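Labels run A, B, C and D following the written order; every chain starts at residue 1.
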Amino acid sequence: MREITFSQATLEAMEEEMLKDDTIFVMGEDLARQGGIFGQFKGLSDKFPGRILDTPISETFIVGGGVGAALAGARPVVDMHFADFIGVCMDEIYNQMAKVRYMFGGQAKVPLVLRAPDGMVVGGAAQHSQCNEAWFMHIPGIKVVAPSDAYKAKMVLKAAIESDDPVIFFEHKVLYPATFEVPEKEDEKPYVLGTADIVKEGTDVTIVSYSVGLKTARAAADMLEKEGISAEVIDLVTISPWDKETILNSVKKTHRFVVCHEAVKQGGVGAEIAATVAEEAIDYLDAPTLRFGAPFCPIPFSSAFDQIVRVQPDDMVAKIKEMF
Amino acid sequence: MREITFSQATLEAMEEEMLKDDTIFVMGEDLARQGGIFGQFKGLSDKFPGRILDTPISETFIVGGGVGAALAGARPVVDMHFADFIGVCMDEIYNQMAKVRYMFGGQAKVPLVLRAPDGMVVGGAAQHSQCNEAWFMHIPGIKVVAPSDAYKAKMVLKAAIESDDPVIFFEHKVLYPATFEVPEKEDEKPYVLGTADIVKEGTDVTIVSYSVGLKTARAAADMLEKEGISAEVIDLVTISPWDKETILNSVKKTHRFVVCHEAVKQGGVGAEIAATVAEEAIDYLDAPTLRFGAPFCPIPFSSAFDQIVRVQPDDMVAKIKEMF
Amino acid sequence: MAAKYTKELAQEMYKKMSLIRHFEESVKRDFLAGEIPGFTHVYIGEEAIATGVCAALRDDDLIESTHRGHGHCVAKGADVKLMMAEIFGRETGLCKGRGGSMHIADFNVGMLGANGIVGGGFNLATGAALANKEYLKNDRVSVVFFGDGASNRGTFHEAINAASAWNLPVIFVNEMNCWASTTPYRTTCNTEDISDRAYGYHIPGVVVDGQNVFEVYDAAAEAVERARKGEGPTFIECKTYRIEGHFVGDPQLYRDAKETQKIYEETDPLKIFREKAADEMGIMTREECDELDEFCAKELEEAKKFAMDSPWPDAEGYMKYVYADE
Amino acid sequence: MAAKYTKELAQEMYKKMSLIRHFEESVKRDFLAGEIPGFTHVYIGEEAIATGVCAALRDDDLIESTHRGHGHCVAKGADVKLMMAEIFGRETGLCKGRGGSMHIADFNVGMLGANGIVGGGFNLATGAALANKEYLKNDRVSVVFFGDGASNRGTFHEAINAASAWNLPVIFVNEMNCWASTTPYRTTCNTEDISDRAYGYHIPGVVVDGQNVFEVYDAAAEAVERARKGEGPTFIECKTYRIEGHFVGDPQLYRDAKETQKIYEETDPLKIFREKAADEMGIMTREECDELDEFCAKELEEAKKFAMDSPWPDAEGYMKYVYADE
C-alpha cells in the first residue's frame, strides 16, 4: 500500500493513458500554465507538450470541440473548471455528445471524458458549489461516474478514458487534497464502468452513496455500529448506468434502504435508486426508504449556513434508528 | 361549457394578462410574423403591437435578456421554440433566473415565464422530441408546470404570468391542436401554483401523471374500470413544487401507487414522487410502486419505433393488474 | 477564363446540383403526400453552395451540416439510395432509420451529420480541425455550413474565435439565404454582410454569389489551400435565397409568394450554370446538362424504389447504438 | 482642458477610486488572514474603469458586474459598510449574507449584481435595456462590465448582436486587463484590440487608457449620450492590467512578479490621477487627494468594524428568498 492524494491519483491515470495513446489530448481553462484550478493537472503539460491546451473561456467550444475531435478520431479529455458551469454547454452535452452515436445509427463513437469538479466548498456560494449529476442520469447515451477515493479516482478515470462512450467524471473539490491508501501499481484492478462497490459489509441497513457522500455514509455507519446497528455501505461509483443488482441484493439482505448525497434531495440521484428499490424490492423492506440530500435552496454564502445545507451523519443516524 | 383548443386557451391567457399589465412582453423566435411555430401566438402581435418580439436565434439572449428585463421591472414571457433547445441557455436558467433572488438576499424578483413546447411528435427524432422537466425539478428557485388540457393551460399560464417567481411552462406539442371543453369565462377559477388535481376519483390504485401523460393514465384507468379496478387519476399540474399532500392522501386511500410520464423513466419526475411515497406512505402500500416512462435511449426517427418509446396504456394495465 | 475549369469538374458540379434538385423535389412531393414523417427542410435554390464547396474538398475532408442537410450530404458524395432510405426511416438508411432527414450523416464520405440544433456544428467542425491538425497529424480540412440565422448563436463566436486564435484548418461557409425561418435577416442583425464579423477575428471574410457554383468553388478552393497550408480559417459568405418554405409544408404567411418566385427565376443556380458553362465558357453544352438531368431523375426514381423496398428497422432494436461499449 | 471637469467631479472620482483601493486592500488582508471564506477577486489597479464609467451614469442607470465586482459596486454608490458585512457573510450585508463577494449586489443604486458566471451579465444588461426602453418607458442606460476572457463567451456575441440589431441603450465596457485567470489574452484571441469586434455589429468601438479616469469618463459620457438619444450601444475597451493574482491567494506561477510590480508602478490609476488632476489640470491638489485617502481609510476601518459587529444570519432562515410568492 502507498498513500497518494485524489489529485495525484487522477494524474497517474492521465499519465498512464496519455503514454499509451497519442491521440489523447486535454483541453479546458487554466490547465497548462497553472496545472488546473485545483492543481489536478499539475505537471502534465511538461510531460506532454502540446497535448494540454488552455482554451479561451468558451465552454461550448471545449465540449463541442471535444465532440468534434472525437468524431475525427481523437480521444479528448475536456475539463469543466467547475461543474457549476456545465449549463453553459449543456446542449453540446445532451444533444451532441450523448446523441450523435444513436442518431447516426452507430456510425459515430464519442470517446470523450468530461471532467467536472463539483460540490460544496466553504463560502463557494450558489454558483460554485453545485452537484448536478442527477440531470445526466436522465440522459441516455452518456455514462456518469463520481469516485469517492484516490484508488477509485485512478481506476475509474482510466476506465472512462478507455471507454468508447462519453463519460462525465465528477470529481469533488474537497477530495482533491485528501490522502488515501492505494494499492501498489502492480496490484491495481481495472474498474468496470457500471459496477458499485460494497465498501463495508453489514446486515441491518443498506446505505448507498457516492463521491464525498460516502464519507458521510461511513461516518453514519460508524456511529450506528456503536449503537449496535450493522450498516452495509455501498459506493455507487457509476451513477449511470448504475448497478441495480448490487444494491437490490444488499437491500434483500438488510431489509432497509438509505441513500445520501450532497446534491439537492428533490429530484436527485437518490430518488431514482429509492424508487427502484420500492419497485423491485419492496417486499423485502422492513421500513420506509430514506433519502438524505441538500434542502431545496441555492447554496448560501455565509458560514452561518454551512452545516444546514450539508447532510449530517448524526441526523442520518437519528432517522435510521427510527427504522428499527 | 365551451370548446377551445389548448393553443387558444394559452392565447386567451396571454391576452387577458397582457391587457392588464403593459410591462408584459413576449420574446422568442418566429412569434410575431407566423404566430409561433405551432400557431400558439397567433394574432397576438396584431393585438399588442411592439410587444411580441422576434429575436435572433440567440437563446442565451432570449432567457438572459428576459431575466434582465425582469430585474429592470418588466414581466417577460419568453419562448423556447422547442424544449429540446433549452440546453443552449441552461446556464441562464439555473445560474441566473433561478438564483438571482436568493443570491441577492431577496433584493431581486424574477417574474418571468419560460414557455417550452416539449414532447414527442411522430418523426421528431432525437433533438425535437424531448421531455426534460425532471432537470428543473432538481433546481431550487424555479417553478415548473405542465398542464394537460385547455382549461388548465389557460389558468396555469395566467398564474405563471402573475407569479413573481420564474416559471417554466411546459406545453406538449401534441396538445396544441386538441380541443377541450372549458368553463365559460365567468366560471373560471384561478389556479394556485403547486396544487394537483384529482381528475378521476377511485379506490383501488392511484395513477399520477401530467401533460400528455394524463391521456395515457386516463386510458389505462378506463381499461382498468372494465376489469373492475377503480383507479384514481391525479394530474400533478405543477411539477415543482409538487403537491405531496394530495398524492399521499390518495395513496393512503387506494394503497397502490403508479406514475407515468412520457420522459425517460430513469431519473424522471416519477422517481421523485415514487421515492417520496416509499418514504412517507410505505406502510399504506399493498404493492410495489410502479413507474412508467420512456426507455433509456434517444428518440429514434423511424416510425417503426413509434410505439416502443411511448408508454402504452395496455402495458400499464397489465402491470397494474399484477399489483392485485 | 474557360481554361480555369476542366470539363470533368463542370460535369461533376452540374450533376451534383441536379442530383440535389431532384432529391429535394422527390422528398418534397413525398412529404406533402404524407409519406415522410417529422420535419424536413429542403435545399432547392441553394445547390451551388454545397456543390461548389464540396467540389473543392477531398473525400477525406470533413463537413458539418445543418437542419437543411440533404444538399450537403449529396454534395459530399453520399449515395442517394441510402439517403432516401434514411429519410423514409428504413433499416438500410445511412443511419439505420434512427436519424431521418434532420440527422442525416455519412461518415464514409466525411459528412459528419446534419444537426437539429441550429449552430450546433460550429464547434464540432472546429474540434475536428484541431484533432486532425494536432493529434491525428493529417492535413484534412473541416467545413461548417451555417445559415444567416445560425450566425447569431453564441457557438458561432466561440468556434470562430478558437479557430482563429489557434489557426485551425476550418472553413466557415455561411449560406446567407435572407431568412431564418419566418424572420428576415436584417431584423436580427445590423450589418448587410455577416462576413463583416470576420474582421473581429482577423481572418479573411469574403462574399460570393452563392448562385454561381464557379464563384463558390473558387472561394472554397482558395480557403482550402490556405487551411491546408496552415494559414487558418476563412469565412465565406454565400449570398443566396431560401426559395422554399422554411420546412416542407410551411404556409409562408410572412412573405409574398410572387416575389419568391421571381427571385427563383432570376437566380436558379442550375439555370445560371447553363448560362455560364454553356453560353459563356463553352465547357459544357446545354444538351449535356439535359442528359445529366435525365440521369439524375432516374437515380432518384431508383432511390425512392430502393427506400420503399427496404425493410423497416426491428422495433426491438431501439436500444442499439445508445452505447458503443457492449 | 482644465475647464472640462468640475472640481466636484474630480473629487468624486478620486474618492471613489481611493475607496475601492482601500476596500480591496482591506478585503485582501482579511482574506489572507483566513477571515473571509470562498473565492475573492480584487480590483486593485483597475479602479479608474468602474469609477470613470459610473461617474457618467445616473443613479437610476443599471450596471451588470463580474466576479471581480467590488469596484463596480463601490463606484455605483453602494455603502461600503453593507458591502463589507456581505463579504463577511453577515445578516446586515447587502445580500443578507446569502451572496458574498462573488454575488454582491445593490439594487438600490442600480448595481444588479456581481456574477460567478463569466459572461453572465451581457444578456442581463441587454434585456434590462430593452425593458427600460420599450416597456418601462424611461431613458435609463445599462452598462455591462466584462473582462478580456469573458469576451470569448458566446453570450458576448448574442447580447451585443441583439443590442445592435435593436439599437438598445447598453454600453459594453471591456476591462482588458491582459489576463483571464492564468491565461494571457493573446493566446486565446487573434486580435490586439477586442474592440475590433465592434465592426462586425456596426457599432462604435473605442479604445481608451483604462488607467486614466478622465479618459474613461469621457468615453463613457459620450456612450451614455448616444444611448439616451436612442442611438444604440457602444463598445468601450479599457486597457488595463491585472495587478493582483486572479483571486486572492493565487500563487501566480504563470507570470513574473517583478514585471507585474513594474507595471503597477507605472500605471497605478490613483498616481496617474494625481499627475493629471493636480499637476496637469490643476483642479485638485495632491493634498486634497491625501485627505480623501485618509477619509477612505477611516471609512474602511468603520466598515470592517460594522461588519464584525453585525449578527450572523439565522441558519434556520436558509429557505428565505428562494421564492418571492409566499
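One rule holds in what follows: a residue touches a chain if its C-beta (ideal position, glycine included) is under 8 Å from a C-beta of that chain, and two chains touch if they have at least 3 such contacts.
From a predicted model like this one, the values you see are computed outputs, not experimental measurements.
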* What chain lies farthest away from subunit A once each centre is taken as the mean of the Cα atoms? -> C
* Winner on C-beta contact pairs when B-D is weighed against B-C -> B-D
* **Gap in Å, rounded to a whole number, between the CA centres of subunit D and subunit B** => 40
* **Whole-Å separation of chain centres (CA-atom averages), subunit A against subunit B** => 30
* Roughly how many whole angstrom separate the Cα centroids of subunit A and subunit D? -> 37
* What positions in subunit A touch 2 or more of the other chains? -> 55-56, 58-60, 84-85, 88, 91-92, 95, 102-103, 125-127, 140-141, 296-298, 300-301
* Structure fact -> Residue numbers in subunit C touching two or more further chains are 95, 97-99, 103, 115-117, 152-155, 157-158, 161-162, 165, 187-189, 322
* Mind pulling up the subunit D residues that touch subunit C in the complex? -> 152-158, 161-162, 164-165, 187-191, 196-203
* Structure fact -> In their shared complex, subunit B is touched by residues of subunit D numbered 62, 64, 93-99, 103, 105-107, 112-113, 115-117, 120, 122-132, 134-136, 140, 142, 154-155, 157-159, 161-162, 165, 320-325
* Asked: In the complex formed with subunit D, which residues of subunit A make contact?
  -> 29-30, 33-35, 37, 54-60, 84-85, 88, 121-128, 295-298, 300-305, 307-309
* Structure fact -> The subunit A residues in contact with subunit C across the complex are 22-23, 25, 50-51, 55-56, 58-61, 63-74, 76, 91-92, 95-96, 100-111, 140-141, 143, 163-165, 193
* Structure fact -> Contacts from subunit C onto subunit B in the complex sit at residues 36-39, 89-90, 95, 97-100, 102-103, 115-119, 149-150, 152-154, 180-183, 187-189, 251, 253-254, 312-316, 318-319, 322
